[in-house]
Amino acid sequence: MSSDYQQVLDTIHRDVQPLLRQGKVASYIPQLSTVSPDHFGMAVFCLDGRTYTVGDADVKFSLQSITKLFAFALAFAREGDDVWKRVGREPSGNPFNSLVQLEYERGIPRNPFINAGALVITDILATRYVQAEIAVQQFARLLANEPAIDFDHTVAESERSTADRNTAMAHFMKDFGNFHNPVDIVIDAYCRQCSLTMTCAELAKAGSFLAQHGTIPWSGTQILDPSSSKRLNALMLTCGTYDAAGDFAYRVGLPAKSGVGGGILALMPGEASIAVWSPGLDEAGNSLAGTYALERFTTLTARSIF
Amino acid sequence: MSSDYQQVLDTIHRDVQPLLRQGKVASYIPQLSTVSPDHFGMAVFCLDGRTYTVGDADVKFSLQSITKLFAFALAFAREGDDVWKRVGREPSGNPFNSLVQLEYERGIPRNPFINAGALVITDILATRYVQAEIAVQQFARLLANEPAIDFDHTVAESERSTADRNTAMAHFMKDFGNFHNPVDIVIDAYCRQCSLTMTCAELAKAGSFLAQHGTIPWSGTQILDPSSSKRLNALMLTCGTYDAAGDFAYRVGLPAKSGVGGGILALMPGEASIAVWSPGLDEAGNSLAGTYALERFTTLTARSIF
Amino acid sequence: MSSDYQQVLDTIHRDVQPLLRQGKVASYIPQLSTVSPDHFGMAVFCLDGRTYTVGDADVKFSLQSITKLFAFALAFAREGDDVWKRVGREPSGNPFNSLVQLEYERGIPRNPFINAGALVITDILATRYVQAEIAVQQFARLLANEPAIDFDHTVAESERSTADRNTAMAHFMKDFGNFHNPVDIVIDAYCRQCSLTMTCAELAKAGSFLAQHGTIPWSGTQILDPSSSKRLNALMLTCGTYDAAGDFAYRVGLPAKSGVGGGILALMPGEASIAVWSPGLDEAGNSLAGTYALERFTTLTARSIF
Amino acid sequence: MSSDYQQVLDTIHRDVQPLLRQGKVASYIPQLSTVSPDHFGMAVFCLDGRTYTVGDADVKFSLQSITKLFAFALAFAREGDDVWKRVGREPSGNPFNSLVQLEYERGIPRNPFINAGALVITDILATRYVQAEIAVQQFARLLANEPAIDFDHTVAESERSTADRNTAMAHFMKDFGNFHNPVDIVIDAYCRQCSLTMTCAELAKAGSFLAQHGTIPWSGTQILDPSSSKRLNALMLTCGTYDAAGDFAYRVGLPAKSGVGGGILALMPGEASIAVWSPGLDEAGNSLAGTYALERFTTLTARSIF
């Protein structure tokens, strides 16, 4: 079946063209706003090793919130169920950086994919590693089997200079006792972590262990046990695409994690991992053309987890 | 593989015994509180026609919110995407009967499975049918292939006498223009609809069309097209278990709809539908032993959608 | 000093002219929206019996929320501190008809001057009197020494037909156990009560007992003891002008109660009561020219309670 | 009349004894929790120069939030109505350090007496003065005519070490553009400012300009013009006692500002200023015995602004 994927990708590449300029490139970080909205890339990494790509699949882009997936997977692999003492696993039901819910729930973020939750995860990693962001980088290099995965220091600095809301959240959680390291150090690590860049081809490869029940397909290295991997996929489905998780599940029907850089990593458990990138965002902060591309993909291949 | 299901059910039946008295039987409706917490029943309806049952799988119980699934499926089948003008499809992120979010979102309930959303769905049916609750009953009879699916009038009256919060929500939505029929009539229909009773065996059968891509397995009658059926499953996964959808997906990993009567309907797309019933509820209002039983089921069979 | 009041009123009358068309006449009740925004009337009733008027001081207008003051004074006079078991006495800090706070505070409205609180007060009166609205009417007639204070039935019916939000709140409070009579009966009484009409001259007279420490100046009839009267004035200052109580106190510096009909009753304790009417409202729902007129009055006479 | 004040104070001193151990000494700052709850002091400064005192009226205590009044008066005197571009003047209707409202209102605190608003005021002062806290100290010395008003550095450091919530709020407002100086510098100044100590006698004297229409009684120095002074009194009445402003106005009926150190400054415009201190707090964070003492004072002297 996977032999048809190239044709599917080509069709999608053609179909998304009218959408490329309809989204809005993220502007809250000055550096991100300079990326052209015309980019579109997509890559499918099948568990049997075959890879299909189209468009700008080899252009690096800023992972942003997609790094929350890698950071969480690393923390989950190391700490196990202890992570759930510090963060919940329910959809947020509110815009992704709201403080209201955090106050209502006494400093425990709803899930590790909203900003507050991701800050707690970085705080957990900062307790275990000298430099949390380097740990995430090394982990991403391992997953993608690619030593050239690096930070974009200009983006990191740009993000650092507009980090007041994240800093507020960190101090707020510290007030509730749910933040253990110095705020400045964790915010620094978090901003650097978010600035990691990958190509679609690399990202699809890096996510493939989650399609393979927690084990890296080409090396057999087990990152998470099958049950934990399944659970992380469930978490992506209910919480992975900001405040639009319900709509995304409805339209696409695959576990996924998105970032405001315009990238989305989606999974077909037991079969393949898919990465798509297009910088124009919809109102919820997910790639507009990217979401459409994934919706088309599941429709054209008649595949979804449902 | 399904030949092992009986053994799995027997194992689960034994394992859940210590949990039966740990949950709390729903008490907000006087009539529901009289049910013994010792009940436990489970039924698996495979798409090939085989059925496996254990415990009280043939005892009728009050469907309560599970009827929201049937009411929505009926409205969705009739109105198509027009239903999304009246209700959203995002997890609520708040206790299931909160008015706060309804005010914040200008009278559009977050999804059709919270009370406010279910009231809108009944309002939609009340516009199309003389008696909305009879339409839902007939639909349930068709789906279960069982003419003896009836209301429990004592439960309906009990619910009607404590319907102030639902009545408040209906008037509130009417104020926002999102309620078209007289409030009293819709509340009556809604309370009757919720009082429908089924056995686990009947419920598993009634839900099987959602495992079979929208088509009733034994008759070939298409209720929903495959895409709509897939989307409804996605909606169940993100919104079907009150404020615990994230946790339920994490632990069980199947689309499901629960009710405060203690029943849960879960789906294994392409394979089977599962009904479980045990009246003791956890803090989120889902059957405590029922959720555990489904978690065990996916663990023992190594099956989930993820 | 009060010999100058006529001159002050004449000055104010001239000064407010440019403001008359800047406010927005209430439109949520169809009947109210037909009133011309050009009206302006003002009356000062001094405790020594002298009365000063200007403009449309003898034109009847719809009291609306100002009746909440009379209803509360009646309930307070009859029930004493027991009223505080059913309603609070803190400013709302939110738009005047919000349900959020009501949910947060478990069905106890913040104060008797927001809609929810006024509904509870009418509910209290409905327990004591056969017809709560007639009791309020008779009370207003007594206070104003004027037998011709009547309902405007067209306004009452207009309000009744758009009472969904108030009905929602009543059912909501009933769900919390803070509503004792049938919702429909109380809503009817409430809508009629709100439709009472008075002139500025009548209203200033009717409010004068609150300037005279609880006793009607011309008859010596004690409505409230001095301590209760003082406390009711304090309540007006902190809660009497919707969500703008802070701003109103800052600018005007007198206890007052406003209504969306454009009327405001203000008090100079120990000296006089003042009524002003102009239908155009500001964003908070208070008479725009009326608030300005009172601000000018305290500035020109160098009088305020502060 | 004021000749009776000594007798009134003596009566109150006797009456409050049973209440002294009912309140709860503030514990959120370690240093504050060490103060004995048995203290009670009260001072009345009459505009004619006479002073009446009772109990511990000459013992220094931590002013805490009462310094918000001095800081605001200083900023208001310097900036005039420009302060209202940065902060509102409505009661908060929520616990005094809530972030929810701040988010809802886009970074503009509701009033200068909640923590967020006081931080903005300190930020304003930090723009104008090299050291905001020194400016407040000098201002307090001027108002009290007392050169020995100093910081308690141990308290300031204690507060600094638990300032995470205030730091969160400052960053949050900075994110909304409503914070101009480095957060750390302003938080430092704020914690020092809060640690200022005074005796009741000094505090009553320092507040007397607000009873004298903005002018220091003994020197004739005008701090605020009469209109501004009146307005500041109004602000104290509606916002000066945390989330209990309505209840305080109802019971006491005087403009006042309280602090968690157990002090309260209250004003009788045109007559006197009153300071009371007792460390035990009620649930809203106001001095329990102090509030009762002021309630008794207005009852025994039959004086209030209403």
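For clarity, chains are labelled A, B, C and D in written order, and residue numbers in each chain start from 1.
In this section, contacts are C-beta pairs under 8 Å (C-beta built on N, C-alpha and C of every residue); 3 or more make two chains touch, one makes a residue touch a chain.
Here the structure is a predicted model, which means the values were calculated and not measured.
> When chain C meets its copy chain D, do both sides use mostly the same residue numbers (more than half shared) or mostly different ones?
Same, since over half the interface numbering is common to both chains.
> Starting from the mean Cα coordinates of chain B and chain D, work out the distance between those two points in Å.
Result: the chain centres lie 56 Å from each other.
> Using mean C-alpha positions as chain centres, tell me how far chain A is from chain B in Å, no decimals.
32
> Do you know which chain A residues sit against two or more other chains?
If we look for residues of chain A contacting two or more partner chains, we find none.
> So that we know how the chains sit together, what is the shape of their touch graph: line, ring, star, complete or other?
If you draw each chain as a dot and join those that touch, you get a single closed ring.
> Within the complex, which stretch of chain A touches chain B?
88-94, 101, 110-111, 226-227, 229-231, 233-235, 237-239, 243-247, 249-251, 253, 255, 269, 299, 302, 304-306
> List the residues on chain B that touch chain C in their complex, please.
98-100, 103, 164-165, 167-172, 174-175
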